[in-house]
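Shared between the two complexes below is subunit A, which has subunit B as its partner in the first and subunit C in the second.
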Partner chain A sequence: MSKPEYPEEILGSLEEYNIDIRDFLPGHGKGAKLLLDFNKISGLEQVEGVILKGREIENGIVADIIIKEGTKIEDPVHLCFGVNKEKGIQEIFPRIIAEDNTEVTVQAHCSFPKANGLIHKMFGHFYIGKNCNFTYSETHYHGENSGALVAPVGYIYVGENSIFENNFNLTRGTPGMVKIMIDIYAMKNSVIKSNIRAFGKCKKDSIRIRDSVFLEGENARSIIKMKAAAKDGGEVLMYGITEGNAPRCNGHVECSEIVLGKGSICRARPFIRAIDPTSSVSHEASLGRFPQKWLDELQAKGLTEEEATQILIEAMLQEE
Partner chain B sequence: MKENTKYHNYRFVGKINVDEIQPWFDFATSKPWDDPEIPWILDNKVRREILIILATGPKTFQQIYENLNFSPKPLLITKEEYDCQISFQWTKETIENHLMNLEWYSLIKLRNNIFELTIPILSTEDSEKLENYIIKFTENWITIISQLKIEVQKKLVNLNEKTHLLEILIEKAIEKLYILLKKENLIPDTPNLKVLWAEQLRKIKFEEWIKQNF
Partner chain C sequence: MILEVKDLTIPTLDQECVIINKVSFGVKERSIHAIIGPNGSGKSTLAYTIMGLPNYKPSAGKIYFDGIDITNLSITERAKLGITLAWQEPARIDGLSIPKYISLGIKDKENTKDLIREALEIVNLEPERYMKRTIDESLSGGERKRVELAAAIAMRPRLIILDEPDSGLDFIVIEDFLNIFGKIKGLNMTILLITHREDIGMVADYGTLIWRGDSLLTDEFPKVMLKYCAKAGLKEFCKRKLFNGKEACFDEDYIDRIFREEQDL
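Right after this comes the complex of A and B.
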């Protein structure tokens, strides 16, 4: 696909994340690709071992992505859900099935650079088989007007002996209203790593993320890391749930949030439950400001408090 | 699972039916702070699936176990195009834990090694049968509301004109209705009826939507 077929505003919209969407377009790179321009499928490319099929519906698309048994691919499967309009509704129903013994990274980009009354909804199901290594990374950019309402829901099932890593990143631009719900079910000996990062920047920004891991199989392990900041009236709620329902499972929820400027709100609700007597679940949360010592050290190098705080936020939201 | 000691009488057994607002209640909801309307017990798909399986009738542990597996199919790709091979089975230990949990919260009970629901869960078919009655109820409510609207506004003159009085009235009236219905034994004195119905419907509605569209 040549460059002009996809809106330039979207292609360059993730530069602040050091991501160039052009590198993932059909014809560039080797991975499978599905590109959505508002509610129209504008690009679809399959590779050996990956079946991709999409159908346009009234306000969006339904898509199937199957990673065939034993497929191990280095290049990520690229999903780009772009909207270059101010208003509208984009609804996406993806179903991703990674059969047994597969290794894959899915890189999703959701970019709405002009959003001002735009609604993006997703209702996704991911089924990951046995002995898989599956990484799902989603990077969002909702423009600079706090004009998006983004409400994705994901149900993820991770099979025996599999590793699932989830990375969600919404730290550039203004988020608008964001309500995300992710339920992950972990089977025997599986490992779940979920990293959430978000930054609310003004009064019109409200980010509420519920990330749940249900440890349903023996020896399943999980860690949820939620990092967020709210400034100038922004609101952030990080709700991390881990449930230990199986023998010898082990889970942890970690939440760090920074609140800046009057009127901003940071909330954390780590919710852990242990049902099996041999399970072990823990949580830790810290909210508020950075330690004064850190700020002092940066200010001693000539930075203002605001600059020092900005650097610390950048570092917090970028760290692994 | 349940204790049979003197301490049992002093233990919270997971079900509270108190109509009067108590000092320790949540200020926002006027309900017990530890027993929210959508209890965490229903957050988990396995527990929801168990309740849905039991909605079809009492089952033994083995029957529940055998029904609690799933093989997801693609939405668009047909079996002829590619036969997807993937299946999930919840383990016996986990199901046992969930059953004990549901029993502890009095949503199911175990009798002669058979698990059964303690609450009704409606199917979509049953809800369709109710449709006409729902319309009848609503129409009667509209008549009453339009008759009383001005009268209520006159009574509460100190309220701002923009206050959504009707919403408050409806919310409070429903609360009162539940209390009176329970008193008259017209509905069972059990919590969470609405939630379970909604869960069942959500699941079936999504499946129906798939059937219609693909």
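Right after this comes the complex of A and C.
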């Protein structure tokens, strides 16, 4: 499929993130691609070293993405899960396998610009082999009506000496109801970096994210960074969980949340546990508003308090 | 006068003590005017109050900018009139890029990129090295201060308040900063320089001595510095710096007279 027909509303929907999905369509760029238009596969392109397979099921797809042993690819594998309808159910069951000694970035874009009663569910399994460098970045846009219910679940196994980076970004548009659960199992000498960014903007927005890292291998290391803002009645609850279950493993959880406007709620619950006496796990959490000094500094450049706050929110939620 | 402070009294936040007591002075346009005094004398409080920070409200007195009473204006309104402040210890904010930060106060949006580059060059930061960085902990103290100055310069304000720009910097860097102040003045901006160091103040045309919350003297800077030394009893230091040093301004008899007058008081 060299020129798939893909809804224009979805193609342009991530512009505020400075992402143009057109750059990732089949026929553009060199990376492997899988495009889903609601429950139909509308584009699929493979590259050497990457097996991409998808099968349509009643409400979505089952997909296999396999990075063959030793494959190192610069161009990201692109997954686009778009729905250009108000209502419906989209279910994704991906299985991602990165065989040993691979280096790859997977960029997933989930765009539901018209969502108003739409349900998107994902149940993903990731297997990252030994000596891999794997980055998974997921950017979401759920329209402006707080009309989506989005519930992804991910189980991720990270093999020995591998680096796994997870980036989740939901900072543009209105999220609606979001429930995310991620469990990452880190083996010997592996490194886990997980960055979560979310912004609830009104009463109808409720975001609950549980990001867990289980340090199961000796010298495994992890850092979870969760940053969120809630305004005008929005609600964000973040659980950052790290367990140190192996010798000399080291984990850290960091939650920062900003509350703006009446009725907004931010809750952060870092949960850490160490069962090996040589392991080290720490956490820090901060909730509230931006320091007055930061606002003063920006206002001394001519910004109003609202403008200064917006700049600070954007900075805080910036992807790293 | 671009700035006039009249009988300004600033209490602590709980209103229990007075930090600045009936202070008055004026700042000439396109000059460097130093506010000098020992630590704890109220210099920074004065700077924040002139900028209009919400936690620094005068209980009496007036502040005029270009003849307009700005005493009750907000920090944003004052900035829009052409006042800005470069902080002693500017904040470090993850995710806020240097070009974005510098661009915040730029009014000429069509030339934002050029103005950012120019501002970085004025403060001796290579634009190529700093355009992709953020104002976070990865910047050294000196770099962060330069970025702060660049952001102030890019605004093209009429008055820049520099709060202790020398704090935490070594002497080689300070020399560089003094040159930067000269460049700022060359851009037709007025500098209100808050400092407790005479070597920083020596770039100033005029000065005001703040001593325990009172303004004791506003005059040409060397005279103000001499008064400061006399108040602090630093005669030898004063002779070395002001008489025998390269900034020699007064003969020894004059210095002796000023110190005698201070002792008589």
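Basically, the second predicted complex is superposed on the first by the 315 of 320 C-alpha atoms of A that agree within 3 Å, B and C clash if a C-alpha of one lies under 4 Å from a C-alpha of the other, contacts with A are read in each partner's own complex, and residues count from 1 in each chain.
We adopt the following convention: a residue touches a chain if its C-beta (ideal position, glycine included) is under 8 Å from a C-beta of that chain, and two chains touch if they have at least 3 such contacts.
The model shown is predicted, which means the values in this text are computed figures rather than measured ones.
K.L.:
Mind checking subunit B and subunit C on superposed subunit A, clash or fit?
P.N.:
fit
K.L.:
For A:Ala315, using the defined touch cut-off, is the partner it touches subunit B, subunit C, both, or neither? Pick first, second, both or neither.
P.N.:
A:Ala315 contacts subunit C only, not subunit B.
K.L.:
Touch test for A:Gly217: subunit B only (first), subunit C only (second), both, or neither?
P.N.:
first
K.L.:
According to the stated criteria, A:Ser280 is in contact with first (subunit B), second (subunit C), both, or neither; which is it?
P.N.:
Neither: A:Ser280 stays clear of subunit B and subunit C.
K.L.:
Touching A:Asp64 in the superposition: subunit B (first), subunit C (second), both, neither?
P.N.:
A:Asp64 contacts subunit B only, not subunit C.
K.L.:
Check the residue A:Asn116 against both partner chains and state whether it touches subunit B (first), subunit C (second), both, or neither.
P.N.:
Touch status of A:Asn116: no partner.
K.L.:
Which chain makes contact with more of the residues of subunit A, subunit B or else subunit C?
P.N.:
After superposing on chain A, more of subunit A is contacted by B.
K.L.:
Tell me which partner A:Ser42 touches in the superposition: subunit B (first), subunit C (second), both or neither.
P.N.:
Neither: A:Ser42 stays clear of subunit B and subunit C.
K.L.:
Tell me the contact category for A:Ala300 with respect to subunit B and subunit C: first, second, both or neither.
P.N.:
Second partner only, subunit C.
K.L.:
For A:Ala246, select first, second, both or neither according to whether it touches subunit B, subunit C, the two together, or no partner.
P.N.:
first
K.L.:
In whole Å, what is the nearest CA distance you get between subunit B and subunit C after the fit?
P.N.:
Minimum C-alpha separation, subunit B to subunit C: 32 Å.
K.L.:
Quick check: in the complex, which residue numbers of subunit A touch subunit C?
P.N.:
So the residues of subunit A in touch with subunit C come to 291-294, 296-305, 311-312, 314-318, 320.
K.L.:
Which positions of subunit C touch subunit A when the two form their complex?
P.N.:
51, 53-55, 74-76, 79-80, 83-85, 87, 90-91, 93-96, 100, 104-105, 107, 134, 151, 155
K.L.:
Within their complex, state which residues of subunit B touch subunit A.
P.N.:
Listed in rising order, the residues of subunit B that touch subunit A are 40, 43-46, 72, 74-77, 81-82, 84-86, 88, 90-91, 93-94, 97-98, 100-101, 213-214.
K.L.:
Using the touch definition from the top, list the residues of subunit A that touch subunit B in their complex.
P.N.:
So the residues of subunit A touching subunit B come out as 51, 53-55, 57, 62-64, 66, 68-69, 93, 95, 97, 99-100, 125, 127, 129, 155, 157, 159, 183, 185, 187-188, 212, 214, 216-218, 241, 243, 245-247, 271, 273, 275-276.
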